Amino acid sequence: MTVDYIVKRLGMLLVVIISAISINFIIPRLMPGDPVQQKMDQMVAMGGTVGDVQGMVQEYRKKFGLDKPVWKQFISYWGDLLRGDLGYSLNNYPQRVSSVITGALPWTAGLLITAILITFVLGILMGAVLGWPTAPRGLRGVVPVFLVLHAVPYFLLGIILLFLFAVSVRVFPGGGGYSFGTALQLSLGSIADVLKHAALPALSIVLAGVGGWALGMRGMMISVLGEDYINLAEAKGLKQRRIFLWYGVRNTMLPATTSLAMSLGHVVTGAVLVEMIFAYPGIGHQLYRAIHAKDYTVIQGIIVVLVVWLAVTLFIMDLIYPLIDRRITYRRR
Amino acid sequence: MATMYRDRAHRALRFARLNMLLVSGLAVIVAVVLVGYVGSAIINQDDARVGAFDPGLRPSRDHLLGTDRQARDVLAVLILSIPNTVKIGLLAGAVGLGIGVVLGLAAGYFGGLVDLVIRTVADVVFTIPGIAIMIIVATNIRTMSVEMMALIVASLAWMYPTRAIRAQTLSLRERLYVEVARLNGESGMELVVKQMLPNLLPYIAAGFVASVSGAILATIGLEALGLGPQGEFTLGMMIYWARFYGAILRGMWWWWSPPIAVIVVIFIGLLLASAGLDRIANPRLQRTK
Amino acid sequence: MSPDVLQVKELRVRYDTYSGVVNAVEGVSFSVRAGEKLGLVGESGCGKSSTVLALLRMIKPPGRIVAGQVLLDGVDLLRLSDEEIRLARFAAISLIPQGAMNSLNPVMRIREQIVDTMRAHNGGKSRAELDSRVRELLQWVGLSDWVANMFPHELSGGMKQRVCIAMAISLKPKVVIADEPTSALDVVVQRRVMHTLERVQQELGASVILSGHDMGLMAQFVDRLGVMYAGRLVEMGPTEAIFEDPLHPYARLLIDTLPSLDRKGDFKGIPGVAPSLLNLPAGCAFQPRCPHAVERCSVDEPAWQEARPGRWVACHLWAEGRR
Amino acid sequence: MTALLEAHNLTKVFGGGLLSRRRTVALDNISLVISGDRPSVISIAGESGSGKTTLARLLLGITHPSSGRVLYRGKELKKLSREEWKVFRREVQAIFQDPFEAFNPFYKVDNVLNTPIVKFRLARSRSERREMVDKVLDMVGLRPEETLGRYPHQLSGGQRQRVMVARALLPNPKILLADEPVSMVDASLRATILGTLLKLSRELNISLVYVTHDLTTAYQVAETILVLYQGSPVEVGDVEKVIRSSQHPYTRLLVGSIPLPNPKLKWGTEAIETERTGRGSGAGNGCRFAGRCPVVMPVCHEQRPPLYRTDSRRATACFLYKESPAVEGVELMSALSRGTQTSARDG
């Protein structure tokens, strides 16, 4: 791995983050209407506290820095971001956006990382075996099932699972991250409770994802099996298992990781919606609530987090490639 | 003449047999679209009006799929929703694909700086979770319409086709037959249109399918979040309202399951079609039995 | 004369394709003596690669071996169980593949790939023992020690092909099959690789079967030559004798078409095109292009027979009493 | 009289742009002259990586040299007007190595034959067009009824390559650049195709540029030969001299490695170096062959040898011949392109 390569990837990472966050800043300001004004109008319409609405709007505008010229806002926006300050929630004024996010992030991270890893490993294994000429018949029979599951978007599968296992048969809780009214602690009971709540959301991500992975992996496996080195490995008298793992699967790992990276985006957005379905206390659920409450600062903050998360994950992936395939640093030159 | 016709028919049949996937995928999609459009013409549109019947009725002879909490006939709403969702998917897919083909061809053919700019922009946008941008845009739009929805979704449906077409153009550009065509006196534009484009068709078709399904997926996601066209019938909005009124936890399965079923059927159709197209584009995947 | 190590009898390989059945190898019989270099030469699609791959039972679907025997020291390789043939591969009969460029696993170091071959057959050796064996093998094929630590993309084509030779001899097989081993290499590199092969072959005392399309390479390398056409052997004999006085009209024409530095500006081709294996002419497959064809040639398929001591040919011109 | 096609000191460097640091010199100071007053055959010989295909692309105007000039009828390619460019495009034609890739799989064979007639306005009517196609197919030994109306995959490799020759003949070229035209064709057809090419070049007054790695066929076909090693000319001159009594150590190595189809003339068994060893690996200022050269001298690592004119019709880029006068490539090539009739077999 060359310094050159790392620097290039790092540059790409910065470009992605900066442009996405800039878009995040610019788009709302391009749109007609003033979010604070809108928000105030809404509050006035809903609650009875009719006072000096215009005065309040002015005050809020000042507080959120909306009275300054756009370029100044842009600079202070970046300054705040770099300090980790995402501002206040429009809805629950004294609460900071960053605290909303830090409260939700561990839930999402835990759920997503586990689910994605399980999906990836299961899918890859299934696909690799399916691509092998002597795949067991039983496994081939399962494929259509997973393909149909794959055709269902994550969160729709979540709805079905919710109905099946939390409404019809009440084996799993119908939502949330832990049982209402209990305090979270490091006890076996508490952990089991958390796992129970995470099971259905995770299952929907896994079930919907495995088929796609398996299909993709099968394709890669078949094209690798057409390579000359597989033929020679067989001629060398190697055992099937050795050829399968070290000559077949090893060589699909690069394209597989590439597509893992590419699909992360889908998984992340899909997972956001899964959280919404299960009212799972991660950032997806927070995003849904913020959208409903038109809490723009929280929406923006969560989107910044999503963008940075994805960009950083892809960057890490990029750093892993050369370890998987030694040719990569040469090829990309 | 007759033999030529028979020959063609024979070849079409053989192709259909070889590519059952593509044919059955297309058949599924056409069937859904027909149900949507023909059904919309047949049913009584008033059945889908709020308060038309009693709310929350279970499926019965009168209401095959029951009624929802807003007292609408679920079947009527479902049928009226299909054309709108299909419309958003096709519109967004076509716009996305159009942009993708033009950019991909330009990047692949001109190379150099043009390629660098297009590739970087596509890579950057690809790395940004699309739904994030769409949420930002959608939350800032006062009244959402079906067409607006399609445009928003299309703005993020062009990267996949751009990348795929670019990669293919890059490899086609190096093909010897393009060189030969140059020696035959063909100019730059002719090389693209006459030599490269025909060989890109399977990729373009695959790109279209990919961007249509991406667009439908994104649409439904946005709608489920509550960012869809509130006053229109779409499959995603059906799911949104069902959730909004707690249909899932209340066990009103007849309300939320039909739109999911239709969406799944559409996606299966698209999946089959894209697998079929994949076989044409990468014949190596075709396993000889 | 040394005894035969390998006897191939009435070998037939068939491919079932969408357009029909292709008989890629049709009743090929020959034998290889100990320490001999045998060549199989022919144009593309003549069945030479299918023939040599069939010896290792490496024909992949849609192809299959439908008949014949491959006797290695009297044991029929085609009748062995899957595990037995696996153990025989490379230990008794090994392969130097056609596309050296792509025949090495891109994600494994050269050492591992050589060690893999040895481990698959006699597992229990220590790391140090295997390492020194790798070094010895690399030295044998004229490569330095550091090559062991390289990945394939870091080596040149000629070096990769020599790594393949090192693997092929690592278990001291009786027969080494070289399937167009230098077809993608430059002439200078080709010469070097062929020298390497010749040297290790002599030291090892193994027999080599070289398949290829280049008559020049055959002339330089092999002791005995078999000429193939449309899935059949049409002539076989000592290389010098064939070049001096080819018996089969196809072999004669093939030799005459070769450009050489002796004759200049004299271009002779073989008229017509090679027949499609899907649709062979009746009788002798070469008959439509043959300048000496007689009536019988389009009726009977000529038998494979010994026309002179040590010289085999399949042509009616050599049936008893003619010529 | 100006020559038809001239290449003056062509150098082509790849990479070295903003994004890639590595520069590869694909071609280094190559000159070529084709007078065109009679059909001549010049061969460019070299192994893979010698830059011969890059040279072919430069001569066809598909890529541009990093330095040096390509002149057509005395005018630099870059400066040709639109009309002149059309003439150049028509008069300088090519056939390539791969007879499979040369066809667009989307079209029938007819397409590649009709296009030049349409684009260069060679025929006034459909029937005239058909006549022209039939005529060129006949010239290359193909029967129109067995060729036209088919897709490329329905023809054999030899047939396809002949269609490509026919295509190149359609625009009535003055120069035909043949880039490894027979290396992917079966042995039994090679001679036929080369023979056809040579015959047509004489009959139709077309000069051939034969690019190849195969010294035997180069010897068979060409009058003049240019041997390249890693983008540099190592030996240039009459083919008889260069092949029969090679001077440059690399040419000798090449000639010595030809697998002669004669079991009685075996290769030498002296050790040969195929991988570069030690310093002077071609990247520096010295002779590019120094790292592999059996007779390397200290000077070889320090300086790039110029072409030394060792006799009237040949030059060698090697310090072994530094007693002979150095010569400019263009000068030598113009001399070679003139009057071979008198001196082809002299010296």
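First chain written, first letter: the chains are A, B, C and D, and each begins at residue 1.
One rule holds in what follows: a residue touches a chain if its C-beta (ideal position, glycine included) is under 8 Å from a C-beta of that chain, and two chains touch if they have at least 3 such contacts.
These numbers come from a predicted model, not from an experiment.
Following the contact convention of this document, A, D is the list of chains adjacent to both chain B and chain C.
Simply put, of A-C and C-D, more C-beta pairs touch at C-D. If you average the CA atoms of chain A and of chain D, the two centres end up 57 Å from each other. Between chain C and chain D, the centres computed from C-alpha atoms are 33 Å apart. Put simply, the C-alpha centre of chain B and that of chain D have 51 angstrom between them.
Counting partners per residue, chain C has no residue that reaches two or more other chains.
Shown for chain B are the residues that touch two or more other chains, of which there are none. Against chain A, the residues of chain B that register as touching in their complex are 120, 123-124, 126-133, 135-137, 139-142, 217, 220-221, 224-227, 239, 243, 248-249, 251, 253, 256-257, 260, 263-264, 267-268, 270-271, 275, 278, 282, 284-285, 287. Interface residues of chain C, counted against chain D in their complex, comprise 43-44, 156, 158-159, 186-192, 194-195, 213-221, 239-240, 243, 253-255, 257-261, 264-270, 273-274.
On the chain A side of its complex with chain B, the touching residues are 12, 15-16, 19-20, 23-24, 27-28, 31-33, 35, 147-148, 150-153, 155-156, 159-160, 162-163, 166-168, 174, 215, 219, 222-223, 226, 262, 265, 268-270, 272-273, 276-277, 287-288, 291-292, 294, 296, 299-300, 303, 306-307, 310-311, 314. Of all the residues in chain B, the ones that touch chain D in their complex are 175-177, 179-186, 195, 198-199. Taken together, the chain A residues at the contact with chain C in this complex read 227-229, 231-239, 242, 246-247, 250-251, 324-327, 330.
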